[in-house]
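Below, chain A partners chain B and then partners chain C, in two separate complexes.
Take a look at the complex of A and B:
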């Protein structure tokens, strides 16, 4: 029988969503043009050449290394691109992807990237053309709700703050705004420099939709133990207890 | 009039479930002001900088955060925070019901009102550095100790004087 990776335990909707994010089996909800994603990232002008830090690998002549022969380089690495980043802030008010699950998604599904998780934000670094591809995948998929998630290269706080009246995540640099037509527009790049034109990111999810797609356990949503009052906790909490026990007693060496 | 004792007055904190727009803030503050019995009031929330504070875009103006003018009790102020919390001292408990009603009228979403002790009563070193010997203890707890300017407004039924801004 073929091996199927088991990414996350539990039968709650959050557990199922976490498995989806980790496996990369995520639904595409929108299609934001690549040039717009590049503009929001703000590392290069859309259509400009990629800056490079070294010549293409084919021209460099790599040493005789079995690992290099086994692993094909990513497009960005092969071309010698700079390393660039995209950083996301996801609201704790039922944003679809919370920081750790963007990282799991990146680490499992994105080749040649370096994900980093902080308390309220998540950054992925990779070669420039690779990170552009990965960022577009995140923007277009159910990992992102345009009201509750936004790209913030600096001044990132917003994850644990209350939402604004219109349901948007608070951003003191006002990088995104809710239009009168109900669509969310990106008006600045991820570091707060105004864009040449507003970029339509589409309509935000409803509260019910966000709660359906979220990967955050919350007492006022889906708690980690599963259904409140159930005779048995959900497997997610049992697994966490199990891991903590092993880690505490034997330094994570189950013998 | 100097507040002499905390035994008669009460301190409360209003926490709306969403951050307030300037329009809602104005509506709420005017409702609160109209309900009466206010000794002092402080609005609190995350800072809204006028320009990008750091990063590659440092110094870029943030037009959305400028000119957030509101009018309270006939006096115009400029907000420099996103209002998320309002602390106030009422002359006595009898004004609490009116305050709740004012919040219900002004806020289109849920909120919490907590009673407690939110303003300090003894001057800190920062208070001493800013004001010297404090005569009117009502200003204690109204000022952000890290603020470079006083950011304090005094509204009076008799005379309205404004030092700088109404928020701390």
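Take a look at the complex of A and C:
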């Protein structure tokens, strides 16, 4: 019988959304032009050649290696691209994705990438044309809300701060802004360098939509452990208890 | 259901920070982007930097070079309330460079060494035929308190140190022998009966027995010029010279070598161990300081033993400042970021609120401190309840979340409250540690984020070392320290581990955690830092009310 990955426990919307992010079965909500994604990433000018750190693999005369025969290189690796990054900051106020689930998405679904998880930011590094593809997938999908999530290479401060009055996540460098037409515009790249033109990222999710798509447990959304005086444990807690107990007991080993 | 504590202690601090009429529950706000001018301290910095411009002949402090011209203060720059005190200071005032009390806390540790007297007395009596009586001991202590600051005793034409520069130096003795203690001149005695509650005094005296010890605190200015490794050398030289003077000995005969060894090296307790070469520090530097010793240095347990949470939180404060701000933040790394992590654990009454909530819950459930079974199930129940409570507070009070704006701050506080609760409830530090790690895992699972990269290693792998007794993996928490393999890299942990260590013993109402000698030594009223009131003393330092030792102004032209 073929194994079907379960990915994550729980029957709440948060559990279901976490499974979607991990499995890669995510809904596409928008289509931001590739050139715009490249401009926001800020590593190369849209249309410019990719910088490379080595010749294409085909020209390198690689050794006879069973692993190389088994694993086909990504497009970026085959071309010899340098490794670049995209980094996201997701608000704790019901942003659809959260750092570990962006990382799980990357690690499970994106070949040749290196995710890194922190509290206020999440980075994925990969060969340049590969990371551009992965970044566009994230930008276009339900993993991202353009008001509650933003690409921030540095000065990422904002995930835990109250929202601006217009519902935007705080950004010290103001890399995005809410337009009068209700669309969110990118005005600076990842590291805060002004863009040549404003990039329309589309309309943000409504609060109800964000709550529906979020992967964060919160007491005012889907709580993980019920409330004070009325505890009700989600399966996520039971799973965590199980892992913790087994890790603790394994470490004892009094032999 | 066992839920008692509903005080929300942090609200007072939030009102002081954000303004009394501020809506603390709103998830939205207007960011006015007022820049550094909104902070009195930043204004002071800018004004001072302007004064220095001509003098230095080169540029210096200028907040407008930050982030390509976007200065600090795009959000509200809020002050910090030292937990359980009335002190409200700017964040800048809690960087150890700006806070003389914090510097003095560390100086008081590294300038301290404990040296036994008994073996030296035996050599004097048996090898050299000298008589040792309470009178000779008092005479010796008078000479020693002349010599230890840096004065000559048997030589001619010697240089000496200015008494005004070294006035913090002192040596007092202590013993578990009441009869001997009665004979010691009161000015040279750490009186255990006077300094500790009666029950604690009896335990300490029984543990120390008839032995006698010198609590040596060399001048602050010496360790600031040299380092902690100097303390044993400085102390040893002055001790042996004093013996020669006090007991009219020959300064050259071979027998003196026996005395020198007995007096200087045979019974010596450093405050911390030497570190391996890759970290390149001698003894009496912070990296080798165990959590148990740190718990014993803090004296809150003798002035407020009935409140084990308060005791533990003062240890957390001391540990966070030393291990995070000075050790990891400066010795091992550098810069200013570590202060932000560390202050979360001792400001704004947040950790206080979470810990009192947990301990009240445990007391209701198990009938008192240290009454719960020492089992993994107790850690599971308590750490889960405390973590969920704390998470809910961050969610219900967005300004609280904004106050602890980094995941590492929140992780440290939630896990510390869980660990302190589990340790006080069970009276066992390893149960506390188990609670710490469960909190970390639950936190990560709830919010899909934890701290910075290092938390992946230390906290997600951590449960495996809690109960391990394989020597390279495990240890009772009391004996672990800043250099424990898995603990050597992460801010927001070591002070809290010291607090959990303390919590187990505070819950049991123990007189000390690991070492009765350390506990009594830091009860010395001659120390400059206030070891019973850590957070209050940090507040004094931040408010510019604290006078540190080791200053050089006496021998310099005035500014």
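Here is the rule we go by: the second predicted complex is superposed on the first by the 241 of 255 C-alpha atoms of A that agree within 3 Å, B and C clash if a C-alpha of one lies under 4 Å from a C-alpha of the other, contacts with A are read in each partner's own complex, and residues count from 1 in each chain.
Convention: contacts are C-beta pairs under 8 Å (C-beta built on N, C-alpha and C of every residue); 3 or more make two chains touch, one makes a residue touch a chain.
All of these numbers come straight from a predicted model, not from anything done at the bench.
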{"item": "Fit-or-clash call for chain B and chain C when the two complexes are aligned on chain A", "value": "clash"}
{"item": "Touching partner for A:218 - first (chain B), second (chain C), both, neither", "value": "second"}
{"item": "Which of chain B and chain C A:7 touches, first, second, both or neither", "value": "neither"}
{"item": "Chain B versus chain C as contact partner of A:229, first or second or both or neither", "value": "second"}
{"item": "Touched partner set for A:101, first chain B, second chain C, both or neither", "value": "second"}
{"item": "Which of chain B and chain C A:50 touches, first, second, both or neither", "value": "neither"}
{"item": "Superposed model, chain A: greater residue contact from chain B or chain C", "value": "C"}
{"item": "Which of chain B and chain C A:244 touches, first, second, both or neither", "value": "second"}
{"item": "Partner chain(s) touched by A:118 [first = chain B, second = chain C, both, neither]", "value": "second"}
{"item": "Contact residues common to both interfaces of chain A (with chain B and with chain C)", "value": "154-155, 157, 161-165, 170, 172-173, 192"}
{"item": "Complex contact set, residues of chain A against chain B", "value": "42, 153-155, 157, 161-165, 170, 172-174, 177, 188-189, 191-194"}
{"item": "Footprint of chain A on chain C - complex, ascending", "value": "1, 3, 26-31, 67-68, 70, 74-75, 376, 380, 384-385, 388-389, 391-392, 395-396, 398-399, 401-402, 404-408, 410-411, 434, 437-438, 441-442, 444-453, 456, 461, 463-470, 473-474"}
{"item": "Complex contacts: residues of chain A adjacent to chain C", "value": "18, 92-93, 97-101, 116-120, 154-155, 157, 159-165, 167, 170, 172-173, 192, 215-220, 223-229, 231, 236-237, 239-241, 243-245, 247-254"}
{"item": "Contacting residues of chain B [partner chain A, same complex]", "value": "16-21, 24, 46-49, 52-57, 60, 62, 64-65, 82, 84, 108-109"}
